[in-house]
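Each of the next two complexes has subunit A plus one other chain: subunit B in the first, subunit C in the second.
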Partner chain A sequence: MALLVESTETADWLSLCHAGLSAAGASHLGAPTFVCVGDAIEIDPAQGFLRGHGTHVDPNGALRASVCGVLQRINKLVVVRPLKSRYIAETGDVVVGRVTSIAGRRWKVDLHTRQRAELSLAAVILPGGIQRRRTAEDELNMRGVFKEGDLISAEVQAVRGDGSVNLHTRSARYGLLGEGQALRVVPNLIRRQRAHSHELGELGVSLILGCNGMVWVAPVGGGEGEDEAARRRGNACRVANAVRALGRLCLPIFLGTVMGVVGISVEGGVAVREMGGQAFLERVVEWEAGRRKEMDVD
Partner chain B sequence: MEYVTPEGLRTDGRRPRELRKLGCQLGTLESADGSATCEMGFTKVLAAVFGPRDTAGKLHPDRAVVRCQVATAPFSAGERRRRGKRGPLATEQAATIRETLAENIHLELLPRTQIDLYFHVLQADGGILSTCLNAGMLALADAGIPLKDLVGSCTVGYLESTPLLDLNYIEESGGGPLLPMAYQPNMDKILMLQMDKGKLPVETFEVLATLATEGCRAVTGQIRQSLMNHTKQLAVARGSV
Partner chain C sequence: MISAGERAYITQCVEGGLRGDGRGCLDHRVTRLDVGTIPQANGSARVQLGGTDVMVGVKVEIGAPLAFRPDSGRVEFNVDFSPCGSPDFEGKEGEVLGADLANALARSVVVGPDGKAGGLDLATLSILPGNSCWVIFVDALILNNDGSLLDAVTMAMRGALAEIRIPHVEITKGDSAEVPEFEIDNEKSSKLDAGAVPIIVTVAKIGRRYLVDLTSEEELCSDFSLHIAVNAEGRVCGVTKKGSTPVHASVMQEMLELAQRIGPKVIESLDAYIVDVLGE
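Let's look at the complex of A and B:
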């Protein structure tokens, strides 16, 4: 089969998105102050300031931004928030990661975070589900729980002082991920919500939006025959492509936007494989502009 | 060969103190934490930043480790380069780029991590080192890594008793001295200044250094503008920030 390349020119999705949202007047920003690396930040000498993340004091004593982003002032505190950065773990975050190795009594997990992440043997549910002290035998059977290369979902239990992350899977919601697909998006796009793992009953798809930018989409349920299974697999691909489309346009990703994009793709009769095309992405931008306007009305 | 005509025009039609067209694009690679392509005239470099991430090798308890690799595409220059061998020049350039850009990163804020910089020279038409540095600066800023200041870089040379700014390949092979410079505009600090080939009287050197500083200021102006544009676009896409 010949590989069809529609266009070798890479479209600038971000400009497309920017143009679409600005034209619709749906940029939805207040009046934020943007700063660039090295810009001096004005401070009131009478009031003084507290130096927050993304700022530093240069040798001449001036306060400067050290990342590009949005300037925020909270009383005396001055912070610059970058719009794109590596995931910085916070306690309670739901994450999706890959087990890279087993070291002693812990699994090392790749979360695409700044520092290493570990899942301790004591922080998982043992196969029987009974609570007891972990013995040397459990330690030998660790590969029976998770082995290298396995994808898992977990919760951040603690972020230690040196920045390394401790995970736990001590709940039925977390654990090994089986059949499905994992996607990676910029972690800042994932909006923090009360729930990050969703069962989309209608579609027969389970969706986990990991705070670390890893998204897991899998078909769930079964036993109703081959056609039904194929429908669920197709739906899983549709949801995955919806997340990819949002990620490519740098739009916020949460259940509402993902389901919205799935909705317009079904409505417009767009095939799953066409969801990465320019026509559909333009439609997504249009829909997002509409959604933001509705929010304004409310 | 004549590098500057009596009318004061160079081989590509520029004036002696004129930069080439500078093009900056951010976020060109989806899989990297930060990426950028920088074009100076016909020289084009793709830079990708991975990190700060868990160290694969030796970790430093108090700072980040920066690693750097420069690859040159076989089709980048006039004559197709044979695959395989990596010359000593690429290794030296990688070391220079690593030292220069690492100097600009707040390494102490990222303990026990490593930052990997990868450069790919797609088109080589003079000023590769400068273009790499500019692309690297953009990619680091795109990755949200805390930096001390902007960095801009350009190369100056001296041919036919004329100081020339931002040399292309023909002028670079002219045999005159070459001075690539990297400069932090807000700190007013020279991060890197090399002199390859040739000798110069001190007075001329000073003229060239001043010209290079001016060139770097112009470059950082452009870099800042493209970074600000990119930041605004991202913010609009994100909606509430």
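Let's look at the complex of A and C:
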């Protein structure tokens, strides 16, 4: 197949998305207040304010945004949450990360945060599953649990004052990820939900939407012969490309949108490789506009 | 880094003729190309090949020819890795990687031992044999690495070289008869003929299948890959092997033939786009 060459300006998916949603008259869900760097933030002088992240006070005493993002007010606290940033961990988040090294009694895990996260030997289930003191032998066998390069899913146990993150995998839901593919999207697009790991039954695919922007897509099951396995791998690639399409358009990513995009690709008979193309992305925006309108009606 | 599970998955997918992003084994990712991105350079281009992001700037200056090739011009390569791209590019690590790529480029793309092989006719860059010549500096900056770096760099280089104009030089005898003086006439410049410069097609083998345009994960899965420089006629201009696994001659032959089939098509699409953009 010949190479498709285009200008870097062709790939302006954000404008495509914005134009598509505005044309359809879909609301932007609650219409949050966007501020840009240097924008003055209105405050009630009688009440006073607490300066939060993403804001600063200029010499004239006015409160201004120091990042582009969404303005949030919590009582007196004023915070600007940046639109695009490295992942900021919160306790209880489900994340997908890669083990980069083993140091002392802990694994260092890359979550694409500012600092490496740590998974302590005491925070994993060891074979046998018994809660017991970790011995020196366990420490020597750490590579038997997770090696360098392994992808794992885990939960954020604590975020310490200096920004470092502690993880744990003390549940059967977490742990080593096997055969599948990981992809990366902007972390702010992943909507925090009750459940982040999903089994897409009829597709034969398991999906983990890590809050840190790492998404794990893997075919599950097996033993039904090579044709079935190939179908599941194909489905996994389709789900992965659905996530990529949403990521490219900066649309929220959760089970509903991912399945929606997979649905329209199957309905329209779109090949997996065509799912990054302009035509399909326009179709996704159209679908998202429809979804938002439906929510407005409700 | 890649886990054993990811490697197994990629290998199985590739065996079935499918890749993680839905491409077939011999498909390229969509290539985004901008020509003339750096105003200060004589020629420049930026290429985005999926997540790979590369910028190439070309400068043309007057310098001294090499002692053993007094009647030819010179081409110098330099590859820099932006430390913003990945923590792996920081400090010495990036320099070593850059030197590797620059060597592969120099070996494959332009200069053969006689100064004539490769794409550029260096003899036309000579100004005064043994004294001065045009030196073409090709500087590449890797902004992000998602595999197939050399492919992207040579694509960008093709765009940048298409923009190059060599000024006309008038040689006048200066005050002393020994030192000649040049009058550079930028109005009367001629286009550099870079049509024969090859591009590099990286071919790798995963399982029993051959792949082109690999992502960084796929690169980690393959035991070895060949960077094959191919020109518009499908002739092989140079080969660099990456990875320590030995290659069987028949496998190498098949990979070369594959690159010979794909290379000219890539050059054709690139050139059509570049001509369209530069309006010539």
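FYI, the second predicted complex is superposed on the first by the 278 of 298 C-alpha atoms of A that agree within 3 Å, B and C clash if a C-alpha of one lies under 4 Å from a C-alpha of the other, contacts with A are read in each partner's own complex, and residues count from 1 in each chain.
Everything below uses one rule, namely that contacts are C-beta pairs under 8 Å (C-beta built on N, C-alpha and C of every residue); 3 or more make two chains touch, one makes a residue touch a chain.
The structure displayed is predicted, hence computed values, not measured ones.
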Per the contact definition in the header, classify A:273: touching subunit B only (first), subunit C only (second), both, or neither. second
Once the structures are superposed on A, label A:54 by its partner contacts, choosing first (subunit B), second (subunit C), both or neither. first
Quick one: is A:84 in contact with subunit B, with subunit C, with both, or with neither? Answer first, second, both or neither. first
Output check: A:251 vs subunit B and subunit C. Expected answer is one of first, second, both, neither. What do you get? first
Show which residues of subunit A both subunit B and subunit C reach, each in its own complex. 10
Along subunit C, where are the residues that touch subunit A in the complex? 1-6, 8-10, 12-13, 16, 18-24, 26-28, 30-34, 46, 48, 217, 265-266, 268-270, 272-273, 277
Which subunit B residues qualify as touching subunit A in the complex? 25, 27-28, 30-31, 33-34, 51-54, 106, 110-113, 141-150, 184-187, 224, 227-228, 230-241
For subunit A, which residues are in contact with subunit B within the complex? 10, 12, 14-15, 17-18, 21-22, 27-29, 32, 34, 36-40, 54, 56, 58-59, 64, 66-70, 81-86, 110, 112-116, 162-164, 184, 188-189, 248-252, 292
In their shared complex, subunit C is touched by residues of subunit A numbered 1-11, 98, 100, 147-151, 176-182, 218-219, 229-230, 233-234, 237-238, 240-241, 244, 271-276
